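In what follows, structures are represented as structure tokens.
In the two complexes that follow, chain A is the common piece, with chain B as its partner first and chain C second.
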Partner chain A sequence: MTDDAAVWLYAVTRGPEPGGLAALSGVAGAPVRAVAAAGLVAVVSSVSSAEADEQQLRQNLEDLDWLAATARAHDAVVGAVTRSATTVPVRIATIYHDDDRIREMLTEHQAAFSATVDLLTGRTEWGVKAFAASNGSDTSSGEAVSGESAGRAYLLRRRAQLRAREAAEHLAAGHADRVHAELGTLAVAARRHPPQHSRLTGTRASMVLNAAYLVDDTSADDFAATVKELDEQRALLDLHLTGPWPPYSFSRIAEVSA
Partner chain B sequence: MTEVASVPDYAPEPRTVALIDLLDRVLAGGVVISGDITLSIEGVDLVHISLRALVTSMLGDPP
Partner chain C sequence: MTTPTPGSSATPELTGSRNHEPANLADVLERVLDKGLVVAGDIQVNLLDIELLTIKLRLVIASLETAREVGIDWWERDPWLRGDHRLERENRRLRDRLAEIEGDGDRRSLESDDVREGARHD
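Take a look at the complex of A and B:
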């Protein structure tokens, strides 16, 4: 096993073949191409045995450099295809032995892919993250105390700070629920991802909402304006809009109807 | 990627944020179909967790 050991699947669209595939390079820089069957088009590239071995793949996924490069390469192809056709993104590291197996897969899941394309047509995924706003309320009394009482005063102050912070976060979480509900009314579908850990986001503020919304393209401006409005109205929250994303968060329905 | 809301002054490097948002999607989103070479769903979750540990270690310990 040396080169072209297997086929990496990026996305599925309905025919005809989306333009511009030849200009794209995919995972590990491989050229991107189309495999068609059952009225569908799979966007794929060949991968070497280094990417196609399950053991190796597992190790690779834990290698941050490999993962970052691969996630970006996967997303670059999915994103490019999304710009020219309604696209069903496929989860990273979905690998087949050869093009024949891709064609079998397309034929087998034809109905589910078709239904998913229908759902996604004319719609775009947007992300909204909400952080509990740091209000900077430091309850320091400013009074100089000395000795034993200073230690006690510090502990009391510290406890009060923690309690205030907990209460603020609880309140922010409630606001986040309401923001999510309101944004949900502007979307065709909504999904909450687990909040990202503050050590990953690099902020001290805790994330209270990490959600994705599938929005009609005709409502995209309204949606963005509403996010901005809610951000201004809700002092307890900092809202961040991300996107447009390929509809990664709304392509799971296929497995249900498959 | 559009950042519509005002960027707070403690915002980390945008590429890092974008990568984490992207990993949320490419690892936990997208159609799940069993390829010929697959990791079990359980395995993917484990990978996901170990990944986060990795990213954390990359960003360094908090003060």
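Take a look at the complex of A and C:
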């Protein structure tokens, strides 16, 4: 029931058309299809004016429910395409007037897309997050203190706790740098993202590493095993492996290495 | 034409172990908003616009340092968010000034200490 006002771009692959597109539904539930040109395939869906109008789009991007649903839908399509072909993921809200404009875009950027696909072929993005492990130092607040100095004792204890926490986080950040360096040796490319805020991660532990690694598929088992080992070796850190991801963090890899 | 299945060739054995987590929304948003190839679409919403428009989200997702790097720091100047009632003080100062001009000296001396006290914290 869309008025097909415009075309939403999810990802670009090299031909032939990846299988299974007909089974996918994209942003606002629209059917997903392919537009081919210059030996490349753009994975797209039609969107109504509700999604494509510039003013409306700005408002939508401020609506967290819309944004969450759209981000999930976009990622689901990109993820599905990634599983059947080497894929260059495109940023959310990349919209063209029609299929002809998509073909023009593919033709214009043919060399860059092709180079990026070459660099991504046979490789997968993995995410690793590290949190400063809590060692229970915050729980030592229950001792009894004598009446008159209770307030002062509390303040001293609180200050000591905060200092200990700061020191632990500083130490954890150092360990995180070394973990990142070590994982980097197993990867073709690595990127550090800003750590996520604890309100979002839902844990009080502070995130000291939020990184993405582009790993050869033949090394994927090694990489995962190394993450596990490092997690066990480094008591100050809790490591979390996420993925496989479409290569979002490395979609500009050709520009970078050029 | 088979439907792609999750976790095929590229998925290492560790999948499903305690260290491996399904994609949470924060991770997805971080990638689809900030990463991914940027090509100029016909409907222009540029990078910075998205960052500004999704500021509520970005405050939560990105570290404050990152937000400052791209110039998003209005909360540092917003008196309400800073818990800094500068406007209120400014109003009071103007009222004091008016009272002073009108010759109500007592009231002025009482409140202006308060104002100076507050101003020093800036």
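Please note the rule applied: the second predicted complex is superposed on the first by the 241 of 258 C-alpha atoms of A that agree within 3 Å, B and C clash if a C-alpha of one lies under 4 Å from a C-alpha of the other, contacts with A are read in each partner's own complex, and residues count from 1 in each chain.
What we mean here is this: a residue touches a chain if its C-beta (ideal position, glycine included) is under 8 Å from a C-beta of that chain, and two chains touch if they have at least 3 such contacts.
Given the structure is predicted, the values throughout are model-derived calculations rather than measurements.
Of the two partner chains placed by superposition, chain B and chain C are both touched by A:I92. Of the two partner chains, chain C is the only one touched by A:A220; chain B is not. Of the two partner chains placed around the shared chain by superposition, neither chain B nor chain C is touched by A:Q233.
In the superposed pair of complexes, A:A205 makes contact with chain B only, with no contact to chain C. Once the two complexes are laid over each other on the shared chain, residue contacts for A:T124 go to chain C alone; chain B is not touched. Of the two partner chains placed by superposition, A:T107 touches none, neither chain B nor chain C. Shared contact residues on chain A (touching chain B in one structure, chain C in the other): 6, 9, 12, 52-54, 57-58, 61-62, 64, 67-68, 71-72, 74-75, 88-97, 101, 105, 109, 116, 127, 193, 196-197, 199-201, 224, 227-228, 231, 239-242, 244-246, 248-249, 251-252. Those residues of chain B lying in contact with chain A across their complex are 1-6, 8, 10-13, 16-17, 19-33, 35-39, 43, 47, 50-52, 54-56, 58-59, 62. Those residues of chain C lying in contact with chain A across their complex are 1-14, 17, 19-21, 23, 25-39, 41-45, 49-50, 53-54, 56-57, 59-63, 65-66. The touching residues of chain A, when paired with chain B in their complex, are 6, 9, 12, 52-54, 57-58, 61-62, 64, 67-68, 71-72, 74-75, 88-97, 101, 105, 109, 113, 116, 127, 129, 131, 193, 196-197, 199-205, 210, 212, 224, 227-228, 231, 238-246, 248-252, 254-255, 258.
If you check the complex, the residues on chain A that touch chain C are 6, 9, 12, 18-20, 23, 52-54, 57-58, 61-62, 64, 67-68, 71-72, 74-75, 78-81, 83-84, 88-97, 101, 105, 109, 116, 124, 127, 193-197, 199-201, 217, 220-221, 223-225, 227-228, 231, 239-242, 244-246, 248-249, 251-252.
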